[in-house]
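Chain nomenclature is as follows: A, B, C and D, assigned in order of appearance, with residue numbering initiated at 1 for each chain independently.
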Amino acid sequence: MPALWMSGLRKRFGARELWAPLDLTVEAGETVALLGANGVGKSTLLRIAATASRPTAGALVVDGVDAVRSPDQARPRVGLQPQDAPLYAELTPHEHLRWWARLHGVAVDPDATLVQFGLAQAAHRPSAVLSRGQRQRVALALASLPDPPLLLLDEPFTALDAAGATQVEALLAARRGRKGTLMALHDEALARRVADRVVRLDRTGVHPA
Amino acid sequence: MSDGRFRALLWKDARRELRGKESIAAGVVLVLLFYVLDLFAFPTLAGAPRTAAAVLWTPLLYAAGALAGRAWAAEADRGTLELLRAAPVPLLSHGLSRWVVNLVITLALALVGFVAGGALFALPVTVEVALPLALGAVGLSILASLAAALAAQARSRDVLLPILLVPLAAPLLQAGIAATLSALAGLPLSEARAPLLVLAAYDLVALGVSLVLWPILLEGE
Amino acid sequence: MNDATTFLLAFGSVFAGIAYYMVWMERKAKALEARLRTLAAKANNQDAPSGNQA
Amino acid sequence: MKAGFEAKARQVSLAAVLVGFPVLLYLTWFVAPDWSYQPDVTAPLTRKILFFHPPSAWASFIAYAVVFVLGIAYLNERDLRHDRAARAAAEVGFMMNSIALATGTLWGIQEWAKAGQNALATVYSEPKVLVVVVLWLTFAAYLLLRRFVDGPERQARLAAVFGVLGFIAVPASFLTSRLLTTSLHPDIAGPGSNPDAAVSGDVGMILLVGFLVFLALFVHLWLQRLRILRLEDETAVLEAQETDTP
């Protein structure tokens, strides 16, 4: 059963139709990279898959659940790292992890996860004082925390140093063969290196790159 | 949705408000500001029940709006709404958890106003005066949270929020002031049954409607 | 303001306002429809001769 | 087809307005009881506003009900055409409401000035007038909210939400003031001889005609405004395409 199945998916903002009806499938265990020019709607596509945005039309099935008809059932099966990695300024990374784990109803060892994502020394500092790269790592930790059947990463490598990049690749390697992952990326070379399959999004839909 | 998850949301919203303690402090100062202003105009409120009613209700209306606005503005600006929309809980729970925290703050501000009114202008410190303010605070916290969530997604939200809140709060203020006038006239609670019933009824209707509107309000584009 | 002036002020302003609004809207609608025809016409003859379907 | 029906409705309502207003004027002038010789009536002419203030107020209530229903329709079907119709209804409804407020104020000042009270405050605290003021604030907030929100979908969604909240607040405000005024504000009960309180045969009939005329006016202006909004959208689409094609 695919982690993500989209068919005839459309999204319209006012008079503007983002794409022609598009189809996209991410198999369980497959890592797919989504390339596309700025503003073509990569983030919107990821947010639709995460049930954070409503599609104008089309079918959307996440890990076997019809996400259009019952988004609340589909949402726990998805992990989304939104663009710009938003966090609560007043809360520390440690608090974010504990809070997100309780929301998902999963047990987590915050300290171990923070070390895994290289955030040991920033663990107890309010997110307001973290660097963009550190915020990115916290957002990645949150999205991957429940080891969701479908992981959606919006520009995961931005603002990451070499160590951060290897952590993302480690995360992808840990999921390969088990869970589905869809990443929005810019750099085609990077996409080919870290993903099993690379597709491109434009006004006419999604095509193998 | 299990209450464990709702408690997690409550914890997050409460932690954000209490961590900085700014919003409680700012709210108290805001309310007291109105009372200081009143000192300039009214050396005493004895024999002026209508003025006293305005003195009691105006700060509550404004402070409830301002504080609710602050919380939602931060969510909208930092994009954390996106995070919430991906959280494994219905959108409604985010609205409700934020409202519950706002309710506690608004009730606290009503208490501050109530005490300040008694201390500064010797307004009667009785249940008859306190109950309308409490019921009003409940309704105002619901409407202020909804208005703030609306304004947070618009431009110049600080101007827009009171403009949205006042028409919605009109029935609350009318009934609340009527009940307060009855209390200031020394009448027992039974005399103010009509306005108090209106207050309680409007609170329930506002809560009921908010259950339907929160998911629509917080929905992602 | 005595009785007559208030009356004329009220009725006059209401009627003038409504009449002006109706005329303004009709004129605007006509102008928009004219513009739409020219745009549609331009779009058609652009497609027709070169025949390049989008 | 819907557009055909709309165009026809527009013409019919226009005809009703062009016929209706002169009839209303005639009725107001000649058929309505002549108050000029009654002792306590200081402004017999201005009292004839009576036949314009309530009808425009009722038309603005109908307008807000239309905005509410269309808002619910949009939230269910997410069809922007519903939102466009709601916006047209709100703009016209706000105009109607402003007419009601203006005529109510003028009438109130003239009518109750003689009683020596602070005219405007007395006028506006009268339940029937207060609700017009509250509705006016609600319309203003609704239209301002639309102006300050970008993006058609977001504007439609948030306007519909406020439309629902306002639709509960306005009647609640009217019921509250009606319920509480009689019990707690004896000193502000309206003027002794409240004209529309004692609605005699003629006055009632003319009021009904007035309401129908203003209702026809609302329908016409609403459909006309809707036509303009639709044309503006269509031209915007064509202009966008024009800049797209090389």
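One rule holds for everything that comes next: contacts are C-beta pairs under 8 Å (C-beta built on N, C-alpha and C of every residue); 3 or more make two chains touch, one makes a residue touch a chain.
Source: prediction; values computed, not measured.
S.K.: Hey, which chain ends up farthest from chain D, C-alpha centres compared?
M.R.: Between chain D and the rest, the longest centre separation is with A.
S.K.: Hey, which pair has more contacts between C-betas, B-D or C-D?
M.R.: It is B-D, judged by the count of C-beta pairs in contact.
S.K.: Return the distance between the CA-based centres of chain B and chain D, expressed in whole Å.
M.R.: The mean C-alpha positions of chain B and chain D differ by 30 Å.
S.K.: Quick one: chain C and chain D, Cα centre-to-centre, how many Å?
M.R.: 22
S.K.: Roughly how many whole angstrom separate the Cα centroids of chain A and chain C?
M.R.: The computed centroid separation for chain A versus chain C comes out at 49 Å.
S.K.: Between chain B and chain C, tell me the centre distance in angstrom, where each centre is the average of that chain's C-alpha atoms.
M.R.: 45
S.K.: Name the residues of chain A that each touch 2 or more other chains.
M.R.: Within chain A, the residues that touch at least two other chains are 13, 54.
S.K.: Two or more other chains touching the same residue: where does that happen in chain D?
M.R.: 151, 153
S.K.: Give every residue of chain C touching chain D within the complex, in rising order.
M.R.: Interface residues on chain C, with respect to chain D: 1, 3-4, 6-7, 9-11, 13-15, 17-18, 21-22, 25-26, 28-29, 32-33, 35-36, 39-40, 42-43, 46, 54.
S.K.: Touching chain B in the complex: which residues of chain D?
M.R.: Within the complex, chain D contacts chain B at residues 75, 134, 137-138, 140-141, 144-145, 148-151, 153-154, 157-158, 160-162, 164-166, 168-170, 172-173, 175-177, 179-180, 183-184.
S.K.: With touch defined as at the start, can you tell me which chain B residues reach chain D in the complex?
M.R.: Against chain D, chain B makes touches at 143, 146, 150, 153-157, 160, 163-164, 166-171, 174-175, 178, 181-182, 194-195, 198, 202, 205-206, 209, 213, 216-217, 219, 221.
S.K.: Show which residues of chain A lie in contact with chain B when the two form their complex.
M.R.: Touching chain B: residues 13, 47, 50-54, 72, 75-76, 78-80, 82-84, 86-91, 95, 99-100, 102-105, 142, 146 of chain A.
S.K.: Chain C touches which residues of chain D in the complex?
M.R.: Where chain D meets chain C, its residues are 21, 42-46, 48-49, 52, 95, 99, 102-103, 106-107, 109-110, 217, 220-221, 224-225, 227-228, 231-232, 234-235, 238-239, 241-242, 245.
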